[in-house]
Each structure stands twice: as structure tokens, then as C-alpha cells.
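The two complexes that follow have subunit A in common; it is paired with subunit B in the first and with subunit C in the second.
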Partner chain A sequence: MTEILRRTVRERWKILLVGFALSLFGVFAAAIGAGSDALFAPTTLVAVLLSIGIVSRDIRTGAVQMILARPVRRSAYLAGRYLGVVALVALYVATALLAGAAVMPLASRGALGSSLVSSAAGAFLQAGLAAALVLFFSTFLPGVGDVILYVLLQLGFDLTYGLFRVRSAEAAAAILSVKSQILPQPEWDRVVSDGRWLDPRVAAWALALTAALAAANWTFSRRQFGYGRD
Partner chain B sequence: MSAVRTTTSPAAAIEIRSVSKRFGRAGVRATLALDSVSLEILPGETFGLIGPNGAGKTTLLSCLMGFLRPSAGEIRIDGRSADDLATRARTGYQPERLGFDGFLTGRSFLAAHWRLAGGNRSGQNGAIERAAADMGLEPRALSRRLRTYSRGMLQRIGMAQALLRDPAFLFLDEPASGLDPAGVVTVRRRLIEARARGATIVVNSHQLPEIERVCDRVAFIDRGRVLKIETLRGVDSGVKARIRVRPDETGRALEILTESEISASVAGEGVLRARFPNENAMAEAARKLCARGLSLYELAADAELESLFAEDEP
Partner chain C sequence: MAATEGSQRRFPAALLGLLALAAVFRVAAALWAPPAGRRSAMIRWVTAGRARDLAGRLGRPVLYDFGADWCVPCRRLDEEVFSETSAAALINESFVPVSVVDRMEEEGRNSPVVEDLQHRFAVDGFPTLVVVRPDGAVAGRLSGFPGRDRVLEFLRASSRGLTPP
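And then the complex of A and B:
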């Protein structure tokens, strides 16, 4: 697993540079007090970018066969891939935090600093779920299908919610309920800063994360890898 | 059921029992890539898989590696299932399609495979350099990224990673593909060395002369079925030969050979095919033919595998 993690980091660290460029806005917005959620969107985006084709690319190139020809469990391969992405997200969040602290006005470091740390921790945890979902999709979808499905899932909920909100409040509530099960989004600021780890939405997040990883493992363990029929 | 089976041996290193592999769901679109294939490969044996494109050779190799699950039948390697981790730890594999990480240097690639194979860091560098040198890769090449490698260099480093840690089982899919003549000789030498230290080797290749040089037995596969198994080395292999005499002496030559208890048949006007128990018997037959006054134009050992293909030509 460690070897796969190392390989993932070596293969994908350059994507962080794109992430850093994209997140400059978020860091500065957070630093000047534009909102403690400012790190949330860029961190999720970075996690999704890092996870593109995380498994399907190896299947396409045949690298997965060379790895699985070694004494490596399929679950260990997946764990290495996932933890590699998580490690890079952690590096991204830590760097963003340092950058935020550097540009933060000295006077506001106390209050806003703790808010930024909560925001970063929440963004990291939420990005972990996004990466797990993309990992799961990548075990059965080729190319960038994993990310497309993730975006469609997000957009699908938001669009249908928007459509039904006017027509039927019940239907809109049902859509939100389903979304909260598949893509739960706890209020991480409060969870982290107030220590509300027993919040039902945190439990839903943990359940969704576990389900995504278990589903990825189930799908991948059943996959077959052939080169054709020669 | 496949028409050909090997001799049953309780000590087989690799047992393939009635393995079938079907792609696609049952119906019109389903393809039977392997059809009840049964083989037994002995410990220390070098076994070749030959056959035309699309015959099912790579599918069989993928089943042996556990990448594909047979639709029916069973595969045991050293008494364990094909995807057993303990067996994998003793297995080297080179795929036909090389799935390399282009961003890695040759050294990083071999190091990663050394560690994935369970090798410790203390012996890593020496083993990597030795494996690369054995495959004719210069030390400078190890510092270059794989994306800059030529096809032949990739093939060499692919073979080097397969041979890391002296595996007990080697599964090779077209190991000499894309190599220059020197590279082909290097691969042959490494295979002969692996066989000498007792490795059980399964090679899939279209390069018949190479297969003939390194393999103890070969299975001829077509349309997912094992059509023939030929022994190229060992007690029952013998020497196949082509004999050319004056056309009007064909019948007499056949009589003389049959008198000498040599299995022979007429292949054409003035041409016979014979199987001799060994090369001495072949020389003795040549002496007899000449002593009886026949004009012997040619007596040459056959390139057996080519003749195997030729026999199946329509």
C-alpha cells in the first residue's frame, strides 16, 4: 500500500500547482474575512482534479496488471491510491493555511485564524468524501467518466432541487434528503470549532465515505483485466 | 473438451483443468476465448504457448495471473489458486502491452517493483543494477525517464523487472517482441539461466525459433483449444528430420528406414519425413542409405514448430 501511495503522490503532485493557482482567491478571501467557507470549494476541486482517472488510467495503460502481478491485494492498491490523493489534499490544505496566515492582518489573527483552521479542517474532510466518490466511479468508468459522473451527481441534485423548489416543497425536501445521504455536507465550521462530532450530518458523512470506499473495493475486486483475446 | 492432454503428473507446478473463458453474455455476442483447456506444467519446465493471433494465448496467460477469472474450470499454481499472494511473491510477469509509468526513471521503476515484490531496501540498488545489466541496459539508461525509452529498451526493462528476485514462476507474453537480435539473444540467455535455477516458465510468443530454443514443451492453441502438445526436449522428444533422395528412390528409402525401425513417411516426390530417437540414429540412417547405394541429397533436422504450423496449413 505504501508503494502505491508513493506512486500516486509522484504521479499527481503537479496537479497541486493548478490547485494552488485556483485557490489563491479562496485563501485571500478567507484571510480578509470574506467567509470561513472560502477554502471549501477550491479544496473539493483539488481533490476531484487529483482523483481524475485514479483507477481507470491504470486499467487503460495496463499498469494495474503489472502492480497486481506482485503480491499486492486489490484492496491495498485502492487504499494506496485513495490515501495518496488524501495526502496531497492534506498538503494542499496545509499550504493554503500557511499562505492564509501569512497574508492575514496581524490584528485579526486570533479570531479569524481559528475560523480559518476550522474551515480548512472541514474542507479537508469534505474533500475526502469527494475523492472517495470519484475513486468509486473510477473503478468502473473509463477515462474521465468518474469526474463527469461526480459533477453530474452534484449538478443533478442542485438542478432538480431548483426545479422542484417552486412546484413542490415536498419533492424538493425529498431531493435534499437524498442528497444529504449521498453527498452529506456537515457544517464543518461548527463541527470542528464547537466539537460537535456527534452531529447526525457528521454520521451521514462518515457513512457515505465508508459506503463509497466499500463500493469501490467491491467493484474493483470483481473487475477482470484482459488484453484482448489473443 | 480439448483433444489433447498432457501426461498426468501429481507433481505438476501449474495445473490447468478444463478452463474455459467466455467474453460477453451468453448469446450471439459471446465469444469463447478458451474452450476446456487442460494442461499440466511440470516444475522447472519451460512451456511455450504458440498459435495464431486471437487463439487465446494471452487470455490463458491472463487467467494464470488471476487477471481474468475462468468461466469454468480451475487453475492451480503450486497447489494454490491463481491469485494467491504467496504465489505472486514468487512470480515474475511481463505483459505483452507494457503499462509503464512514463514519469518514472528506469531506476525508480525497478525500485518500485523490487519493493512491491517484497524486496528489502538494503539489497535494492545492487539487485536493480544487476537486473538492468543482465538485460543489457547501461547504467545511464536507469537515470532516464521511461517515456524517453525506445520500444526495445522498454522491453528490456520489462524483462528486468520480471526477473527481479529470481522468481520461481515466470509468465512472459511476447518477451522478445520489438527487440533487436542482440536483445533476443539476451532474453534467451536469461530464460535459459532461469530454467537452470529451476524456475517454471510459461512463454507466449510468435517467435518460433526462440520458443524452440528455450522450451521443453509447447502447446499449439487455436480458437481457444489446445490442438497439440509437442515435446521439444526430454526422453520422448526424438529428432524430426526431412530427407531428400532421388525421386525414383523414394520407395527404397522408405523401406530402408522402416527396416531400421525408424518412423518415416513420404512427403512428396523424393522427400520423406522421419522421426529418429536421437541424432546418432539419424547419422546411422544416413550411413545405411548411402551404403545401399541411394543418392542422399539432404538429411536435416526439422525446425519442428514451423512444421507444426505447416501441418495445420490448409
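And then the complex of A and C:
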């Protein structure tokens, strides 16, 4: 698993550069006094970019067949892939945190300090769910299908909610309720800073995360692999 | 070879355990999570249904606090005013306090009681404090969070039956 983790970090660290470029806007916003939310806004996007084709690329190139020719469990391969992405996201969040702390106006640094840390923790946890979902999609979709499905899922909920909001409040509420189970978004700022972990949305997040990882394992363990095409 | 293939595909027991734990956590959070809303524990909030009756019996105005979980100024109101001992005492002794929490953002709808109160008092932003005398007349209204001192001034004036400027 450690080897797969290292391999993931080695293969994908360059994508972090895109993330750092995106985070410059957030750092600039923090420097002129905007809240800490702007600083970590790109974190989920960075996690999704890091996860593109995380498994399907190995299947396409035949790398997965080579890896699994050794006594490596499929679950260990997936864990290595996932933890590799999580490690890179952690590096991204830590860098954004340090950059934010460095440029934040001195006068507001004390007041915003705790919110900066809780925003960082929240952004990291939310990105962890996005990475788990894309990992799951990558176990059965080729190419960039994993990210396309993730984006469609997000857009699908938002568009149908917007459509039904004016026509049927009941249907809109049902859509929102399903979305809150599949793509839960706890108020991490409040959860972390107030220690309110016993929150239904945090529990929904934990269940969605473990369910996505379990589904990825279940799907991946049943796949048959042909030879790579590259 | 078949045994190797089988063990390679085995579902990780640890993940199964984590999934079970997450499911238990989900049920526990649904059952025992603190009620939604940002209600300070120092204030003796009553339900909207009981408020009118209680206001009539005690001869005190009802203080409706309209807010939402996601609303940052509402949290400041809660932290800087409702959680302060002297302000909480003033509210508990002079008003019948009712917390009205909007759930539109989270659940896509509000309960009929919340809808009715928001409509009746034309609430279009959070936080909004509305003071209603026992006879049903609106005695005061404060929109937004203009700071601790202004809110206290509003509460004191409303408790004396005066409408602050």
C-alpha cells in the first residue's frame, strides 16, 4: 500500500501546481481582508483534479495488471491510491494555510486565526469525500468518466432542485434530502470550531465517505482485467 | 493460484467495520444530536404555539428571534447578546422569547408555523427581532445585527413599551 501511495504522489504532484495557481486568488482575497473561506475554496476542485482517472488510467495502460501480478491485495492498491490523493490534498491545504497566515492583515490575524484553522480542516475533510467518490467512479468508468459523473451528479442535483423549487416544494425538498445524503456538506467551520461533531450532516458525510470507499472496493474486486492498450 | 486470486480480491474487514461504525454514528446523530438552531441555553425559549398564551397570562411581549443556522450575524447575536448573563436575564424577565429557525437552505422548506410567522411579520432577512405585545400589536422590530449595544438598547426600550429610534 505504501508503495502505491508513493507512486500516486510521484505521478500526480505536478497537478498540485495547478492547485497552487488557483489558490493565488484565495491568498490575494485573504490579503485584502476577505474571510478564510476564499482561501480554501479550490480544495475540492484540487482533490477532483488529483483523482482524475486514478484507477481507470492504470487499467487502460495495463499498470494495474502488473501491480496485481504481485501478492498485493486489490483493497491495498485502492487504499494506496486514495491515501496518495489525500496526502497531496493535505499538502495543498497546509500550504494554503501557511500562505493565508502570512498574508492575512496583521490586525485581523488573531480574530481570524481559529477560523483559518477550522476552514482548513473543513476544506480537507470535504475534499476527502470528493476524492472517495471519484475513486469509486474510476473503478468502473474509463478515461475521465469518473470526473464527468462527479460533475454531472453535482450539477444534476442543483439543476433539478432549481427546476422544482418553483414548481413543487415537496419535490425540491426530496431532491435536497437525497443530495444531503450522497453529497453532504456539513458546516465544517462550526463543527470544528464549536466541537459539534454529533451532527447529522457530519454523520451523513462519514457514511457517504465509507460507503464510497466500500463501493469502490466491491466494484474493483469483481473486475476482470484484459491487457493494457498503451 | 486460485487461493491467491481469492485472497487478493477479499473485501477488507476493517472497511466493513468502519462502514458499520459510520452507520451507527448516523443513527446516533439523528437521535441524539442537539436540536438545530443557534439557541442560547441561557434563554428560556418557548415554542411559538405556547408563546401567545404565555404572553397573555404573564402580560409580557413576545420576542421573536428569526434566524438561520447558516447566518453568521445570527451567530454573533447569539454569542454576543443571548449568551451574556445580563442580556439573558433581561430577556427571560421581560419577554416571552421564541426562536424561529429557517430551514429553507438545508431542507428546501419550512414548517407551516415558521412559514406563517415569517409571512405575518414580513421577515426578509436574518437575524430579525420582532417584539409583539400581548394584544398582538408589533411593538418593535430590529433587522440585522447592528452590534451588541444597539440590540440591548432595542430590547430595553421594547421591554418598556417604547419603540427605539
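Odds and ends about this structure:
Definition applied: the second predicted complex is superposed on the first by the 218 of 230 C-alpha atoms of A that agree within 3 Å, B and C clash if a C-alpha of one lies under 4 Å from a C-alpha of the other, contacts with A are read in each partner's own complex, and residues count from 1 in each chain.
Everything below uses one rule, namely that contacts are C-beta pairs under 8 Å (C-beta built on N, C-alpha and C of every residue); 3 or more make two chains touch, one makes a residue touch a chain.
Since we're looking at a predicted model, the values are computed, not measured.
Here subunit B and subunit C are compared by how many residues of subunit A each touches, and C touches more. Contacts of A:L213 after superposition: subunit C is touched, whereas subunit B is not reached.
In the superposition on chain A, contact of A:M66 is made with subunit B only, not with subunit C.
Looking at the shared chain after the overlay, A:Q224 reaches subunit B, while subunit C stays out of its contact range. In the superposition on chain A, A:R167 makes contact with neither subunit B nor subunit C.
Of the two partner chains, subunit C is the only one touched by A:A203; subunit B is not.
Shared interface residues of subunit A, touching subunit B in one complex and subunit C in the other, are 68, 71-73. Those residues of subunit A that touch subunit B in the shared complex are 3, 6-7, 10-11, 58, 61-73, 224-230. Touching subunit A in their complex are the following residues of subunit B: 23, 31, 33, 53-59, 62, 65-69, 85-86, 88-89, 91, 93, 95-101, 103-104, 108, 112-113, 115-118, 161, 171, 173. Against subunit C, in their complex, subunit A makes its touches with residues 68, 71-75, 79, 161, 165, 169-170, 172-173, 175-177, 180, 187, 190, 196, 198-200, 202-204, 206-207, 209-211, 213-214, 217-218, 221-222. Listed in rising order, the residues of subunit C touching subunit A in the complex are 4, 7-12, 15-16, 18-19, 21-23, 25-26, 28-30, 32-34, 69-70, 75, 106-109.
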